[in-house]
Amino acid sequence: MSKTVELAKHLEKLHINNMYKNDFYWTWDKTDEELDAIFTVADALRDLRERNKSTRIFDSGLGISIFRDNSTRTRFSFASACNLLGLTVQDLDEKKSQIAHGETVRETANMVSFMADVIGIRDDMFIGEGHKYQKTFMDAVAEGYQNDILEQRPTLVNLQCDVDHPTQCMADMLHIIHHFGGVENLKGKKIAMTWAYSPSYGKPLSVPQGVIGLMTRFGMDVVLAHPEGYDVMPEVEEIAKKNAEATGGSYKKVTTMEEAFKDADIVYPKSWAPFAAMEERTKLYQAGDEDGIDALEKKLLEQNAQHKDWTCSEDMMKLTKDGKALYMHCLPADITGLSCKEGEVDNSVFDRYIDPLYKEASYKPYIIAAMIMMSKVKDPVAALMAMDAEDDKRKKF
Amino acid sequence: MSKTVELAKHLEKLHINNMYKNDFYWTWDKTDEELDAIFTVADALRDLRERNKSTRIFDSGLGISIFRDNSTRTRFSFASACNLLGLTVQDLDEKKSQIAHGETVRETANMVSFMADVIGIRDDMFIGEGHKYQKTFMDAVAEGYQNDILEQRPTLVNLQCDVDHPTQCMADMLHIIHHFGGVENLKGKKIAMTWAYSPSYGKPLSVPQGVIGLMTRFGMDVVLAHPEGYDVMPEVEEIAKKNAEATGGSYKKVTTMEEAFKDADIVYPKSWAPFAAMEERTKLYQAGDEDGIDALEKKLLEQNAQHKDWTCSEDMMKLTKDGKALYMHCLPADITGLSCKEGEVDNSVFDRYIDPLYKEASYKPYIIAAMIMMSKVKDPVAALMAMDAEDDKRKKF
Amino acid sequence: MSKTVELAKHLEKLHINNMYKNDFYWTWDKTDEELDAIFTVADALRDLRERNKSTRIFDSGLGISIFRDNSTRTRFSFASACNLLGLTVQDLDEKKSQIAHGETVRETANMVSFMADVIGIRDDMFIGEGHKYQKTFMDAVAEGYQNDILEQRPTLVNLQCDVDHPTQCMADMLHIIHHFGGVENLKGKKIAMTWAYSPSYGKPLSVPQGVIGLMTRFGMDVVLAHPEGYDVMPEVEEIAKKNAEATGGSYKKVTTMEEAFKDADIVYPKSWAPFAAMEERTKLYQAGDEDGIDALEKKLLEQNAQHKDWTCSEDMMKLTKDGKALYMHCLPADITGLSCKEGEVDNSVFDRYIDPLYKEASYKPYIIAAMIMMSKVKDPVAALMAMDAEDDKRKKF
């Protein structure tokens, strides 16, 4: 029995009826079994590809990508996932487009979706805006489908919003699962999601939020640490707490990196902007107050600079379980002495973890492909079994 | 009998031999039966896609797009059409290209066409230039094919030139046909193609020209209205007149929006630049006279501003047949109180027609796909019948 | 027996085991039989396409392109080649990417290669840099594959580096082979690779280097000519000398265009930058010395301007064998009186050779496709035979 057939048999036991024709906004919208289904299908698709099996679901069709912020990793992951399933990516480059001043999201959404099977959106820059944009967009295509404008309702993969970064955090989580040899081994493992200093300004909060919102569902002890003023969205902290209660794990906030790193099995040190400042920035942008933005940026850089000791140094790593915690990062990291003078992580630490870091990133295309497949295929078990059985080869010769 | 088979049977009766291996520049180059064929194939392709049938004609092949002006709708429509038929879009982004200063169109045309099946070009900015560019391009690839440089002669889909915007107007027309329940119901229907105020400068004339050049072929009463100085190209008016004579319809020019809207069944209020000014602008650009262009632009904006009463207001709509004419626009519209202070149309009017407007736009990908198919497939009847009969699915699972 | 079957039978006799899973950096890394294999497969793929046979090797898969310099011809050739074989191009546009300041090539290479079958890189601007970048990139993906980060090791097609431009020169060579009716007719033919004046600054040396490094392998008399100070890399000249010795041809350097053109069967007059100046420029860029770069540019333009007599005029052409040498250029050329006041070639000369010039360019997509196929397909003979025999059509209807 191939690995894919085993995984398909596992998938068969899960309650996943809600996933078909549905969107993926936030991991906490999904049940545990639904997340399990994504992990399972991601592993199966990887196995199929490794065995040169064709995983084309689509003979033709479009995956629309909208990156309202720069991206390499997520862009290539989305492109890879679409290609794996037979979809062609059509990117909406807002700079090259005739999107009129004041054109509604509703109109744009319909205009680019006439033959779209899936929509991937990254909109992470402004607190209170990213998710709203995605929601407005998807409401519009749902309405377009209802009114016979669109042949099908495309489904959403959230490629990062202001609240969550589910493709990243699900890839992170699958990496953890495989690293520790299965979900069953995660109970009681300590993971430290900590702020870290970076010379840059205004990184999104969606990674730390996504991590505490997801990792608290596996019985782990999740610790969040950051300097004063760098709080994440309180709603997401509430979710983390509830998750922890439900799964026998824990969620705790501490005030130093040292405390977070102490005996941790996993560390995820990463810079982000203070929530309050991000809210302020959103208002300044909406008001078009360039001077205000510059002043805020300056203030934030100064504020950041007071916390240069929040860095994943060799000494800090020594505090972790046997000095050997699994170091994680969504990449690119600000690496002290390599990409910047003082940053999130010592070069020697980063360098020691390059293989697991790249492996972590390597799950993202499969996670995205699994999200697409679960939303577009009514019977994913049958589909996996058929792909496993077929003679079709990805590479024919 | 499926809808597609019915449509194929209708297609069989039409004289369409001239379409194979031929280009689509202007609707008035085509016979009535040829236009009928485009509508028929567009409807069939839509039906096939709705029924999850594979419509891939190409196993591999390229559709080259050249947008010399920004575009969202047409870009996505062309991409969708190519994808539907199995072609991959390769965009010639002149900014990223090594198109040498002084490089001939002849050279560029050959260099990008080695494996091109179809070429889509948008070049609408300068009177006397857009069509010329397309023609020079296509002459070059025809010569390249003759001289064994290219394996095949790609065919052209005009994605908007200075004279016509056939993919837009054909989509508009198919919308009208379906809205009124068939071509046979259009006789005597009044359509008002009118200028409307917009705070922007220099919109192409190809939409009003395309509309009067096409809509006059269906026995309708076509009325063009614009303020003094906003004439369209006289050659196209000649075509409109001849069309009207031949089909028992009429073509008329009036001087007020009110007169045009009076008892109209369809209204198409839209801004465009004055022809003479566009000719002047072309000359200024060719001379590289930036100051002249700025001065012209200022003059035109002032000239526009004298006609703010040319707007599709609720009051204006009341003049139409039962106050309920079908409102049309190629989008994006300048919407008073939504995207601008004063524009082409009242927000309340626009909002009431959103569904038909989006539906109108939704025909464009199928129109383009039909244009491609008619130019590339020798026996489109057999192709449609085969697609209808085959087990191949667009979405396999 | 079809042409493809004949070519496959020829391919069968060649020793080509080293090509599978291997990269294409420089032609001089490859044996004569390996180059023969590329030409053979290129001709076969062209024959298959002309006969509407499907040449898809891949059901899905990505070809990653990285253009660190502008490109039209090579970009479209790579896109065409990928499409011909069933790969989708995903372009790494460094401007749109979140490539962090200081991000290592190693990281970028892995991040874009999770599902990459082939990588095409153009990096030709700085002496000592282009090849190094490609090598670092490919070492990183090899390591990523070894460490289970990547499912497969993608293979490289060098789309132009600072040393060689193999896709161009191989296309040039295939053009020569067909023009003279076969490799066996090239013995003793004289080819003049000469510098020519252009009003522009700093064109790469990779074409002249690639030409002398490749054309010396076919028993031809290869002559390089340039003004003082425009030497090419001495390592490549060494290769040219050794090639010539091994094949019974010759490699010679002369100091005037006249001497080079005298009785030449083929002329390839083209501008390039002086090697020493390119080395200096590389250092200035690394130091971020903008003033130094401007000063260097000015100096080089002045230096260039002293050699305006190095131009492929009608008089110069008269010196060649019967005044009818085959004129070659990688395009775009700087054409006197057409694209510039004084340039590399007279308009009348260029115009007379347009068909062969475009034909020359038309081989590039097939050369690239052949390079990809030889690196990805274990048994290319069987693959060609199967493609030839199959009913699959590229254009189905």
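Each chain gets a letter, A, B and C, in the order it is written, and its residues are counted from 1.
Going forward, contacts are C-beta pairs under 8 Å (C-beta built on N, C-alpha and C of every residue); 3 or more make two chains touch, one makes a residue touch a chain.
For clarity, every value in this text was computed on a predicted model and none was experimentally measured.
**Student:** Do subunit A and subunit C, two copies of one chain sequence, contact each other through the same residue numbers, with over half in common, or through different ones?
**Tutor:** Under half shared, hence different.
**Student:** To test your reading of the model: what rotation angle superimposes subunit A on subunit B by C-alpha positions, in degrees to the nearest 5?
**Tutor:** Resulting rotation angle: about 120 degrees.
**Student:** Distance-wise, how many Å sit between the C-alpha centres of subunit A and subunit C, to the nearest whole number?
**Tutor:** 40
**Student:** For subunit C, write out the residues touching at least two other chains, lowest number first.
**Tutor:** 56, 88
**Student:** What residues on subunit B touch subunit A, complex-wise?
**Tutor:** Within the complex, subunit B touches subunit A at residues 46, 49-50, 54-56, 67, 69-73, 75-77, 79-80, 83-86, 88-89, 93, 331-335, 338-340, 354-355, 358-359, 361-362, 364-365, 392-397.
**Student:** Would you pull the subunit B residues touching subunit C in the complex into a rising list?
**Tutor:** It comes out as residues 56-62, 88, 90, 92, 96-104, 106-108, 110-112, 114-115, 117, 144, 147-151, 376-380, 382-383, 386.
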